[in-house]
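Dropping the structures in below, format is structure tokens.
Two complexes are shown next, each including chain A; its partner changes from chain B in the first to chain C in the second.
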Partner chain A sequence: MEIIIDGKKCEAQYGEYVLNVARRNGIQIPALCHYDALPGQATCRLCIVEVEEGGRKKVVTSCVFPVTGEMQVFTNSEKIQRMRKNIIRLLSARAPNNEFIKKLRQEYGLLPETRFSGDDKENCILCGLCVRACDETGISAISTVNRGIEKKVSTPFDEASEACIGCGACAFVCPTGAIKMLDENGIRHLWNKDFELVRCEKCGEYFATREHIEYMKKKYGEDKCCSFCEKCRKRIAGEKMAASYRK
Partner chain B sequence: MSERDNRTVLVCCGPGCLSNHSLDVYEELKARISKTDIKVDVKTTIKATGCQGLCEKGPMLRIEPDDIFYTCVKVSDVPEIVEKTLLNRQVVERLLYHEPSRNKKVLSPKETRFYGKQMKLALRNVGEIDPFSIEDYIFRGGYKALEKVLSEFSPDEVISEIEKSGLRGRGGAGFPTGRKWRQCARMKDSPRYVICNGDEGDPGAFMDRCIMEGDPHSVIEGMAIGAYAVGSHEGFMYIRDEYFLAIRNMLHAIEQARERGFLGKNILGSDFDFDVQIVRGGGAFVCGESTALMASIEGKVGEPRAKYIRSVEKGLWGKPTVLNNVETWANIPVIINRGAEWFGSIGTEKSKGTKVFSLVGKVKNTGLIEVPMGMTLRDIIFDIGGGIAEGRKFKAVQTGGPSGGCIPESLIDIPVDFDSLDRVGSMMGSGGMIVMDDRTCMVDVARYYLKFLSEESCGKCVPCREGIRRMLEILNDICEGRGRPDDLETLAELGETVKEASLCGLGKSAPNPVLTTLRYFKGEYLAHVNDKTCPAGVCKNLTVYYIDEALCKGCGLCRKSCPSGAIEGQPRQPFAIDESKCIKCGSCMDACRFGAVKTRGRA
Partner chain C sequence: MELQDFSHVRAILEHYPPERRFLLAILQDIQKHYNYIPRASLEMVRDYLDVPLSKLYSMATFYKALSLKPKGKHVIKVCDGTACHIKSSQVIIDEIKKVLNIVPGTTTGDGKFSLETVNCLGSCAVSPVMVIDDRFYGRVAPSMVRDILAEYGRLENERA
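Entry: the complex of A and B
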């Protein structure tokens, strides 16, 4: 089926989310809590757009709004711009020094926030992507804790979590660089826990935590896991492929 | 023994009366009657019932069939009630209710405006039966509707009947119940679930609580009918854990219903199976939101999800689910028994039937009421509610719980229905109704609700979590005298974003108290911001209490009431308040009979 986004006809499939259709067609909608490999969070609300269906206009979050029929989408109407700016303002009041938020603020022509004061050290916008990523890997070591303005992301009771394998998926998907993961001297520090890092058997670089490798072995079987880092794995795969062509 | 010879004493054991020791009254009555071995020709049954409504005058007690009701009954009154009324059919005059509109004491509830103007459908049995007795419920026509449905109706016919009745969900949004059921019944996926939302969390609201406590079977029966209609075999009741009595009574009722074959396999000999279980909620306000509630039942963090794909399609565990609130379910048997047409004849064009409200705040008769849709706010507040307490002036009424709006006096002649309340910026919500008098500061009210919501927002989405927090910051500043000239504009603008861009109903309605007070009481905001004055004398930083010498008679009542020793004076001479000692509690103002204690701005 076809939908119209900002006047442009776009091909879409039934059930596909508006954000994905827009991006595929080169129409940029800002979003912080969106990650292609994970289901939509709909928490940062930056991807709000106006949708007109059957003569009625409404504000929806494009990352989870499915295409189900004819519709017109306005990603940058005056109303959307106004509200998006307010959301960015709220984010920059929360995390005034975060580089990603600063950049966003400048893009939308907003001045540094003066009415509200925020925590200079705050970087987390509570989008929940880290929690989602941790859930999807099957670990569920972190979760959102408390509610309302007290909400935060943490391990149970803020203690080093037994479940955490130090894979770093949380830090990897974080859109604002809020999760501190530090690798030094063969030790990874993450979520109040220290993990021993394992060296790649080929190049000798540290590449994963012992717990992570154990987990993968348990999940996918001993033979399906290797002890090489990502770079070496790629190189080995490439060499294999090249060898097969040579034959 | 004929029906007439049986006498029943109904002791209200609703939440309000219980906290005023009605259970002691009940026990005392029981003990006295069993002891008195009275030579009377009547058998007297004592029943502890659910809420009888007039909570302000509790503990309440009714004697049937004599149709006498007593208010503010204490344990020490029991001997006299037994001696005079039960043994000798005399009335204890001082325990009768004083009807203000006629300025006389009345015998029967029907003679009062409080009860006379009500119409009880969802509350039909609450306060009339012993909630622990399924026989009581059956005696009053209980489970007839379920029987009728199973023997005479196809599931589709049940849905048509509910659609025809025009019933809309009583939980807040007012979605047509029949349409919801129809959508669910159309789904191909199974199993399907029905859920009862008993997570009532609005401050000052106790409608659903009283139904679950006082008439649990009506909810079970409603759910069984709904389950039959949509093809579900499993139901959940989500009840907040603080509602200890509701959970206890409901558990007991479910057991009884199972024993009698109203729940379980092959209900009433049909091939329909259905059972219900209770899930206890942990007390998060947001878990009253349907998708957060389902997440909570599933054992996940109680956060809502976007509802672009609705719960009737993918609800609990991703399966088609019908969720209705307690009052909606309680209405279902009535509609089946008395017919959709009859139900549709009550109320307004688009809001059918009745609505239960907990009428609280500065009214004379606080309590639980049920009125036909379309009754005006004025009738509810001034007739049923008996007007404003202590003869003060009406200022505003807040409907719809913490995220409802404040409606000013100029609008209290609007009919109470879903759409009218919506138009004036408020909402029906689940039926909270808080009346405010002229000693209420509307900025402070907005601040109070925002504080509540800032703590109860789940914090998942940015506009709700961060927006409410910042709006609250502004309101705190305004109330404490740090308001800036452009604050009102910022409030309105943030309010719009929170309302439009939030994920769930909590955020979408959270700015209502601010936006409506800004709309109807802007002058009060301006006084706070520009003149640094709180006209109602509530915001302490902006208020100075003083005694108007011209009005003061020097009686000294103010001095006696002052907890901080801030008032000095000689008898029959004007008294004065020492500002440095005054804690601005308002006790002197309440104590003064001459209106001599006044407030002015700080400046």
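Entry: the complex of A and C
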């Protein structure tokens, strides 16, 4: 089916989310909590758009709004601009010094905040993407803790988690860089826990934690994985492909 | 404190099939029996239901009815909903603070009383309202607080 986004005709499939259709067609909608492999958070609210269906207009979060029929989408109407500015101000009140959010403020021409104030050291906007990533990998070492103004993401009892394998998926998906992961001298520091890093058998660079590799071996089989870093894996795959063409 | 006997946790667990949907019911039962959720019991629930510890911790910190720290023998709930608030529930809370020397959300040193504020008990007609364990006290005046609390035993934590 076809939908119209900002006046442009876009091909879409039934059930596809509006955000994905827009991005595929080169229409940018800002979003923080959206990650292609882990869709459907809808917590940052930045991706709001106006949708007109059957003559009625409504504001929806495009990252979870499915295409079900004819519709017209406005991603940057005056109303959306205004609402999005407010959302950015609120996110910025939560994490005032975060670079990503500061950049958004700039993009939307927001003046320095006088009304809201927040914790200068806070970077987390509680979108929950890290928790989702941890759950999807099957580890579930972190979760949201407490509620209301005390809500945060943490490990049980704020201690080094038994379950955590130090894969760093949480830090990788974090849209605001709030999760501190530090690799130094062959040790990875993450969530109050220290992990031993393992070197790639080919290039000798540190590339994963021992716990992570053991987990992968258990999941995918001893021989299937886990001796080489990502770069070397790509190179090996490339060489294999090249060899098969040469034949 | 962790040296307690946790055999009752086992009994609670066996009361339910090992399915995740019974998680909250199990935690409520543990809270009821022990007056809090001991850490060791969380680990037992994890093993029984095969639910990650992080999810259990998340739940135990989310619900106000669940507590990871031991609650007092008697739980005092002072309503601070709109009606009670207007009827000076804050003065009642201050009076309890004075008598027991604790702030809302904490427990007295002797483990006898916990103080909590709640947002409405649905008895606005007799506001300000206070509930201790399962007993209601309506139209509470600050001068009544000391006598009401005395019904629950000697106030050891009393400030000199």
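The definition used in the following text is that the second predicted complex is superposed on the first by the 246 of 247 C-alpha atoms of A that agree within 3 Å, B and C clash if a C-alpha of one lies under 4 Å from a C-alpha of the other, contacts with A are read in each partner's own complex, and residues count from 1 in each chain.
Note that in this section a contact is a pair of C-beta atoms (placed from the backbone, for glycine too) under 8 Å apart; a residue touches a chain by one contact, two chains touch by 3 or more.
Treat the numbers as computed from the prediction; the structure is a model and nothing was measured.
Of the two partner chains placed by the overlay, only chain C lies in contact with A:P156; chain B stays clear of it. Looking at the superposed arrangement, the partner reaching more residues of chain A, out of chain B and chain C, is B. Looking at the shared chain after the overlay, A:A42 reaches chain B, while chain C stays out of its contact range. Shared-chain residue A:I142: touches chain C; no touch with chain B. Residue contacts after overlaying the shared chain place A:V198 against neither chain B nor chain C.
Within the superposed three-chain model, A:V60 lies in touch with chain B and out of touch with chain C [touch as defined at top]. Residue overlap on chain A between the chain B contacts of one complex and the chain C contacts of the other covers 143-144, 146-147. Touching chain C in their complex are the following residues of chain A: 134, 139-147, 155-157, 161-163. Only residues 40, 42-45, 48, 59-61, 64-66, 79, 82-83, 86-87, 90-91, 93-94, 115-116, 125-126, 128, 143-144, 146-151 of chain A touch chain B when the two sit together in their complex.
Contact residues on chain C toward chain A in their complex (touch as defined above): 39, 42, 52-58, 61-62. Only residues 284, 286, 301, 303, 305-306, 308-309, 453-463, 465-470, 473-474, 484, 490, 493-494, 496-497, 500-503 of chain B touch chain A when the two sit together in their complex.
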